[in-house]
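You will see subunit A twice below: alongside subunit B first, and alongside subunit C after that.
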Partner chain A sequence: MVKRLAAAIIVCVALSARAQPRPSFAALPGAAAAISLPASMLDEKAIRKQLNSGLTTVFLMIARERGTRNAGAARVEIRYDLWDEVWIVRKIEVDKRIEQQRLASFDALAKWWKNPVRLFVSDGGNVVLDVELRVLPFSAAEERDAREWISKSGGVAATGGGGGIVDALIGTTITARPITTYRWSVELTLK
Partner chain B sequence: MTRAASAAAILLIVVAATALFYVVVHQVSGLWLDVALRPEVRAALEKSLGDQKRLRSFDPEQSEAYRLRFEETRKLINRIDVIRLNRAAMLRRFDLTLVAVFALVMAIGGTTVWHRSRRAEEQRRREYVARFAAWQEAARRHAHEIKTPLTAARLEVDRLVSLTHASAPMTDVQRAAESVFEELDRLARFTREFSSFAAVAAPVLRSEELNHLVAEFCTTFANAWPELVLRFTKSAPSMAMVDRDMLRQVLANLCTNSAKAGAKNVTFAVSGAAIDVTDDGAGIPESIRPRIFDPYITTRKIGEGMGLGLAISRKILLDHGGDLTLVDTSASGTTFRLALHT
Partner chain C sequence: MTLRRLLLCLLLLASAGFARADAPLTDEAPARFFIERIDVRNATRVSRDVVIAESRLREGATYSEQELREASLRVNRAPYLISADFSLEKGSERGKYVLVMTLNETRPFFFLLDGVFYVARDNHARLEYPSVLSSDNDIAAGFRFFVGPRGAIHFGIEGVADNRSYTSDYVTFAIGYTEYDLFGTRAFATVNIKKPFGVGGPHPAPQVVLGIPLSPNQTMTLDYDQTEFGGGDDLRSQSQRIFTARWSYNTTNHPVLPTQGTVLTVTPVAVWNHVSGFDVGPHAEHIPYATRQRSYGLEATAQRYWELTERDSVYAGVGAGVARTFEHGVQPLYLRGTPETVDSSFGIFDAGIAHSFWSPERVAKDGESRVQFDVHYGRRVDERFGEFFFRKPESREAALSWVRRNAWGTLRLGAGYSW
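And now, the complex of A and B:
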């Protein structure tokens, strides 16, 4: 009985380990740490569904240096433009460098996706980074637009005289909650 | 019910009503949001997107216009998708907001009701205490009114017995017998006063000219109160529906009070369907003014009246469809108004 239970636990751990896509990390010149995300991540069911929704899928990456208060962040935004049928991507790295592109196909997107993203900069030396990737279902602009729509128009609720206040209250609940979150740790020597 | 029990009952009602309200609101709010987020709505909008794109290929010159419409529709779909992703949180906030408002309103309402019932309870207690004091005063007066003539009569009867046994002269026996009758008369008067209070007869109303009625009263009762001068100046004729005898009784009661308050003059004035009766007596003490029409309220000493006159008088005026009110009172006199029906 105990052996069976242990085996089941091992299988579960193995499956979950396999389910967690593992990115690669690299130390770049300028004492920067970069992350390269695997293309398989875009094929994750929840993420693929979100990418096809027409909303902007936001990949927010936060790196915290273990034992210190140092941190860095980067963001990748992907939206499928239904009119031109292209992928519009935007990358904002830790040093505020912005890259924006229109990619003609999903394959092109997958290729671009694997490019390293600079997400942490330090003074150099050995660092242990705890990296968190949050996948948000829509951008801040889309969140704001939906809030305003609800608050101004009464949205979907016809609540009478006090409707404006109620709608505004409801509107403020609209926030991008992560559809999935990944966490990794990595040790790098930054120069 | 104690204060704690009534507060607990109100709290229980508020909680129960809020819980019930939450259940109802939860059902209703879920319904409206689900109606707005129906998949058919999104499907129709998506179809519209496809249509705009197809139209572009048919009519390239209008491509920009189609694109604008396409973008508007896309934004709408995006908003619906954003709301769908936040559905649970929105419903929770909506429900909690309404429930909080409802609970607040219920709590305020409950607290108000509770305070009102407490105030009413306090008022009832105060009134009862005041009434109880009046009853005690009445009981003292009853005891005095009955005990005094009874004691006197008993003493006289004892004397009568001893006189009879001693074969005293007839004049002494007669004097003792008269004294007994005097005390018995006093008891009878006391009983009559009560009888008239217990059963104030219904007035038989007739149309009367008030000046004539008051003048007649002043003439008839001119010598009823030796220390009092009744004054009346005739004014414009005024008709009112009155029971002549009962109105006389009211005027007589007021004059009796005036005489006992040390007044020297009582003036009558007719104005429309009202008669003002003013005296120059000592006035009514402020402490009893609000209750002067209540039975047993009097400033007189025990043995000098039961305090029923004004209560009976007001009842008579009310039965006339009018009222008896205290218009003014001070150290220099008092005015009562008899309001009647024309």
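And now, the complex of A and C:
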């Protein structure tokens, strides 16, 4: 009886738990950690709906090193241009390197999407990272004034060690409610 | 030479063609959208024009994503909607867009009940200190239905409470009409007729509210509120007139349960009270009194909401007000000998944390179900009444509650401790 009950609970939990798409992580030269997101994430119902809205979808990635105050962040913005029928993508990595492209098809977007995104840099060694990805509606690009104002106050800049953490954290406080959020943990050896 | 120019032109055209697809961009300017038309979908009870007026957007104008985001937040704060999705579609010609607002409406019946049971540490009755968050409405229920393209009629009951020592709190029946987008200005006007419960008095009294948008996030709200208490066979009657001019800055994402954004308000207040009646002397004789009070005050509040995850949020809010009251006439016995010019003030602090049981997708579809923990501190000072009127000048409270919002209204149930 107990076994049956336990089995039923396991089945119920398994059915109710949302299958989280699992990205792959890699250690890159320069003691950097990169994330490669699965293409299946773009097909998730809520994300696909926002991607098809003609407005920008923001993917905000924050990596925190467990047991320390070190953190890094990266951001990807995607907007479908209805008239040019291209996907306009913008990626800002942890070292603030910006990449912008126009992609002709959803297949091209899915291919580009899987490229590694540098989101954490350290002095090297073993790190355990807690990574959070928030999917936000609308562009955060025009919130520069607020970001600068808060950054100058010193309140947020002091909380993280990564170069893009200010942009990332302010983005989360100012932009609209996340469409969805993912969390993963990973252990990497950075050199 | 001509052939070389032709080849060069072809090469440039070809490279431009390739540049449109799968090409790196050097500096992508923020997108702007010419909104040719605004299409409001799933609007069965709500007027399309009212929703567009609430967005403060106009057809035939160009907007950035930031401006569309602010409009989305504004529409999502409308109390007659559970949520609204914004998306773009192609317009009639290249570069023109149709902005689609897809609504999830509330029912015509609405209610708001803030029902938290408090246990007090001492024998004093718990003070009803309105928080920064629900400054003047802990209970409301009624019907709202839209008439014509820009009008809405409502009727129901509402509680009116504030932190002022020089005004009276009450529960009233109200019936009113709101006209949105006055003269195409995105302003609105509401006229209410109110009749308080349980305080006697045969006279319904008017309330007139005029909301003037100053920017997508800023509004000036002028409110004239007259209330008649007592009269008839009552020992005491009071005619209260309150005029407020509230400037507000609001970037929150929800009318009742925001999880992110900022609200700032500054409110000059003017109050006129005419109180008359009679005391009963030791030999059952009537001792009449009649006083006129004029009060002038200034109040300000600031609230900030932070979203920690898509389900968790925290907030903090502060508020303060000062006022001076001038009194003339013959006072009732219990006030005789007290000063005729009285200063009063209040200060409040609120903070809390909330956890939603639902995902953002379900919140947008069904409303909200969340648990929250709130702490509150309030202090009121009045030179004349002091502890006699307020029982005690300070209030400290902590409460754990469950909040449910659906298409019918918002309910908050919980328990708290007051000390």
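In this section, the second predicted complex is superposed on the first by the 142 of 191 C-alpha atoms of A that agree within 3 Å, B and C clash if a C-alpha of one lies under 4 Å from a C-alpha of the other, contacts with A are read in each partner's own complex, and residues count from 1 in each chain.
Please note the rule applied: a residue touches a chain if its C-beta (ideal position, glycine included) is under 8 Å from a C-beta of that chain, and two chains touch if they have at least 3 such contacts.
What you see is a predicted model, and the numbers here were worked out from it, not measured in a lab.
**Student:** In this superposition, which partner touches a larger number of subunit A residues, subunit B or subunit C?
**Tutor:** C
**Student:** What is the contact status of A:40 with respect to subunit B (first) and subunit C (second): first, second, both, or neither?
**Tutor:** Neither partner.
**Student:** Quick check on the superposed pair: does A:88 touch subunit B, subunit C, both, or neither? Answer first, second, both or neither.
**Tutor:** second
**Student:** If you stack the two complexes on chain A, which partner ends up touching A:189: first (subunit B), second (subunit C), both, or neither?
**Tutor:** Neither subunit B nor subunit C is touched by A:189.
**Student:** Per the contact definition in the header, classify A:138: touching subunit B only (first), subunit C only (second), both, or neither.
**Tutor:** Both partners, subunit B and subunit C.
**Student:** Go through the superposed model and pick first if A:180 touches only subunit B, second if only subunit C, both, or neither.
**Tutor:** Second partner only, subunit C.
**Student:** When the two structures are overlaid on chain A, which partner does A:68 contact: first (subunit B), second (subunit C), both, or neither?
**Tutor:** Neither partner.
**Student:** Please work out whether A:54 is in contact with subunit B alone, subunit C alone, both, or neither, and reply first, second, both or neither.
**Tutor:** Both partners.
**Student:** Just to be sure I read the superposition right, which of the two partners does A:24 touch: subunit B = first, subunit C = second, or both, or neither?
**Tutor:** neither
**Student:** One more residue to check, A:103. First (subunit B), second (subunit C), both or neither?
**Tutor:** So A:103 only meets subunit C here.
**Student:** Under the contact rule defined above, give the subunit A residues that sit at the interface with subunit B and also at the interface with subunit C.
**Tutor:** The overlap between the subunit B and subunit C interfaces on subunit A comprises residues 53-55, 82-83, 137-138, 142-143, 172-175, 177.
**Student:** Provide the residue numbers of subunit C that touch subunit A in the complex, in ascending order.
**Tutor:** 19-28, 30-31, 64-66, 68-69, 72-73, 85-90, 94-95, 97, 253, 259-260, 306-307, 309-310, 359-361
**Student:** What residues of subunit A sit close enough to touch subunit B in their complex?
**Tutor:** For this pair, the touching residues of subunit A are 53-55, 82-83, 137-138, 142-143, 145-146, 149-150, 155-158, 166, 169-170, 172-175, 177.
**Student:** Name, in rising order, each residue of subunit B that touches subunit A in their complex.
**Tutor:** 29, 32-33, 35-37, 49, 53, 67, 70-71, 74-75, 77-79, 81-83, 85-86, 89-90, 92-94, 97-98
**Student:** Once bound in the complex, which stretches of subunit A touch subunit C?
**Tutor:** Touching subunit C: residues 46, 52-56, 79, 82-84, 86, 88, 90, 99-104, 108, 134, 137-139, 141-143, 172-181 of subunit A.
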